[in-house]
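In the two complexes that follow, chain A is the common piece, with chain B as its partner first and chain C second.
For the complex of A and B:
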């Protein structure tokens, strides 16, 4: 593995006495597209919240792009982009105004030029002067992605990026993710439920179940061992409680 | 994105200003603030015109009485001419700001936090290179600026209507008094804005936060001042118990000594309400309360310092609380 850009060491978070993330130790290499799988409530979003400095861990630590999330959160924030699930942005403002706002917050120099550049990169120039309130889910997701890459982050966190998108929207987003990864070397950390997307997009995957890491490997190794998407799904289900329950019932 | 990955060199130059500017633009576009300001303006002007009509009736009654006396060959000096202090006509408008203005401030404070949680943009902002308190400061600055603008419009409109309807015009001293009332009204409204903003940002359910904010409003604006007034022994008879019974001032003092604990409690209830302090201050500065009618501005301000300090300390305390409370990651989205 090349230099890890994300390292977690016994990262733990609890809510009301329940461990949402339980001693998560993980390394993700620079330039990976990392797929983070898990059932609802497995702790994926909590992990992303800790890695993006939105939440402080109860114990353990993590480094993102070389910066400690506990002791140097500002440096972490300068190095990351984040797209939460179902981001809506500001309805009364145009795509450009929304992006200018986040560019200024990110300390981007010459924000006007950068916004135009990013809109062009994402083939969204035609949306520039339209108010976000009138956008479809797919359009919003692209502008949401645009705000996350304005400051050229080295790590991009995507929380369920394909949630609610139609097949065309999913394909466009997948192509964008791959492009950002290949052309700009961004490391992508993606929470998702879609096994098919994992196989098409990711270079490594991990599975979280009840806050514990139960699987982590490179995608080539997984596909070599388990074959096609259906086999990958079998693997995922065998690792999660819902899947084990279904297996027992069968 | 023509070059390789790099990170920006520094913390954003002014996230507070950036957030405040965005919020003001957003608020002006969705017209909510404009609509509620117009609503408050109309309510205040109606209150002013009602006062003006009452005064006009007094003047008409005086003129009729004077004409009758003169027709009977008597001196008109036997009846007292109604005194006309135009600023006293603002009483109803001040009460509208006190009650409706506070409610509107709660709605603006609620929307300032609820909109960010509902759009998931709170999480986006907090992953930018800035401190959480800068987000709070930016939002508070925008909210207070919007309140200041709205109140300036309302008081500006009132001043114009007062000037036109009174017929005597307003002198610079009157304008200064209105300007002081505007400043204190902004601080007073900011208290309710901050209460709603803090609750909406930190409570799990934003709908519960709105209810809690209105419970605070009900207690501070309607219940506490009314309880204080109702329990005042001298308020039990129109014109005052002591005045009606023609009890001298030393006797009044002696009688009230027997009610010292009761008076402390009654006054405490009133003192707990920022609304009462706002009312005391504005009624004194505008000469609405008869004790201060026609009194020079400076002595009034000196006498009202404690009320002003209470309002300022309340808004500063709430501001400090808003900045100091850590944001809970469970509250980043709407629930």
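For the complex of A and C:
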């Protein structure tokens, strides 16, 4: 693998004695769009929280953009952007006011110009002076994506980015992700449930089940071996306990 | 601008726009102005009557007695402020402290702040600085009102020492309000719900203002809202000796009233400090403890939480 930008080494997190993430060892190359699949409660969000330094691992470590998440969290934060599953912003402020605050916190130079540039890039200049409180899920997701790329991060973490979006919203977001990856060389780490999105967007995938990594390969290899979306879905279901249970019932 | 000051500025501006905070802050300022006006009005009336009497007495060829306005320290005019600070000032500070942290938790922006290049220590400093700035603002408005009162009363001249005492009172008031603001900040950070985060410091405020003084100094709750009767000596019996020893240091309202009375020159001569710890030191220790509590709560705040656990 060339230039891994994310490396985890036996990364572990437990809650009340239950291992949410269990000795996760993973490498993701620079410039990839990485799809992280798993059932509900598999540990995907916990993994992202550790990689973004929002939560400390119980054991193990990881490096993101060359920085250790344990010993150098501030450098990690300078290199990453993060869009949570439910983008929450200051509802009483406009999109621009929200973005200016986050841009300044990230140390962006000339924040006014950068905010305008990013809003233009994401085709949402029309939202600039509207209060976020009145935004739809799709609008919030766009502003959420805007706050994540203001400081030109090298790695972008997206937690269930298409959750709750209509088909049009999903397509727009997919196009944006591909654009950010191709035009700006951002490595994308994306948690998702949607198998169909994986095939259309990702360059490599991994499956997490009960905190353990059960599958990791490049998408070409996966599609060559398993074929279309339906076959990919079969693969995913065979790797997760919920899917195995459904298979046994059938 | 450093991230901690950005957090401070954003938080302070947000809280200033909150209706409850604006209402309580305005109420505090109005009460301070009323306190100043009442003091000014009473003194001006006495002085006016004295001036008229002086003319009459002089015309009648009789001896003119000294002006009663000068029998007491002019700082006595401000005595009601100690009650307003202990009641509405402390309550305003609790709400300010609580809102400062709740605004981020309620908005659900903690994860977006948590992935920025600032430590949780920077975040905590930002919040504490915002609280300090807002309480300083309230105190400055109160100080301006007090100063204006003295400047518009031509018959009253404050000595340099008395001006220093007035400044000292404002500083002690700000410290007292900051203690409650920091408690509000701390409970706002570690409570699981917004309601509990506000209820806890308000309960602490009620206990400190009304219950502890009753236990340590036999002070009736209604007397606690009177600056003079709040300074009555407790009955000379064993129970109050013991409670004063054990609970006295925690009876911050007593310490504040004692310190205020000393600074504003209305401390009765037979009154001793409410505990073995000098009142000024007691308030300072409470400020340090409240700061430590707020620091611990803010630096331990789970930045993964998008909202309260509801």
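The rule is short, and it goes like this: the second predicted complex is superposed on the first by the 250 of 250 C-alpha atoms of A that agree within 3 Å, B and C clash if a C-alpha of one lies under 4 Å from a C-alpha of the other, contacts with A are read in each partner's own complex, and residues count from 1 in each chain.
Just so it is clear, a contact is a pair of C-beta atoms (placed from the backbone, for glycine too) under 8 Å apart; a residue touches a chain by one contact, two chains touch by 3 or more.
Just so we're clear, the structure is a prediction, and the values are computed from it rather than from any experiment.
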Just from the overlay, do chain B and chain C fit on chain A, or is there a clash?
clash
Given the touch rule stated above, what does A:54 touch, chain B (first), chain C (second), both, or neither?
both
Name the chain, either chain B or chain C, that contacts more residues of chain A.
B
Looking at the overlay, what does A:118 touch: chain B (first), chain C (second), both, or neither?
first
For A:16, decide between first (touching chain B), second (touching chain C), both and neither.
neither
Chain A positions touched by chain B in one structure and by chain C in the second
49, 52-55, 74, 77-78, 80-82, 84, 86, 88-92, 101-102, 104-107, 147
Within the complex, which stretch of chain A touches chain C?
49, 52-55, 74-75, 77-78, 80-82, 84, 86, 88-92, 101-102, 104-107, 147
Would you pull the chain B residues touching chain A in the complex into a rising list?
1-13, 15, 18-19, 22, 25-26, 29-30, 118-121, 123-131, 329-330, 332-333
The residues of chain A that touch chain B in their complex are 15, 49, 52-55, 65, 74, 77-82, 84-93, 97, 101-102, 104-109, 117-118, 121, 147, 149, 151-154, 183-186
Footprint of chain A on chain C - complex, ascending
1, 3, 6-7, 10, 14, 17, 103, 107-109, 111-119, 302-304, 306-307
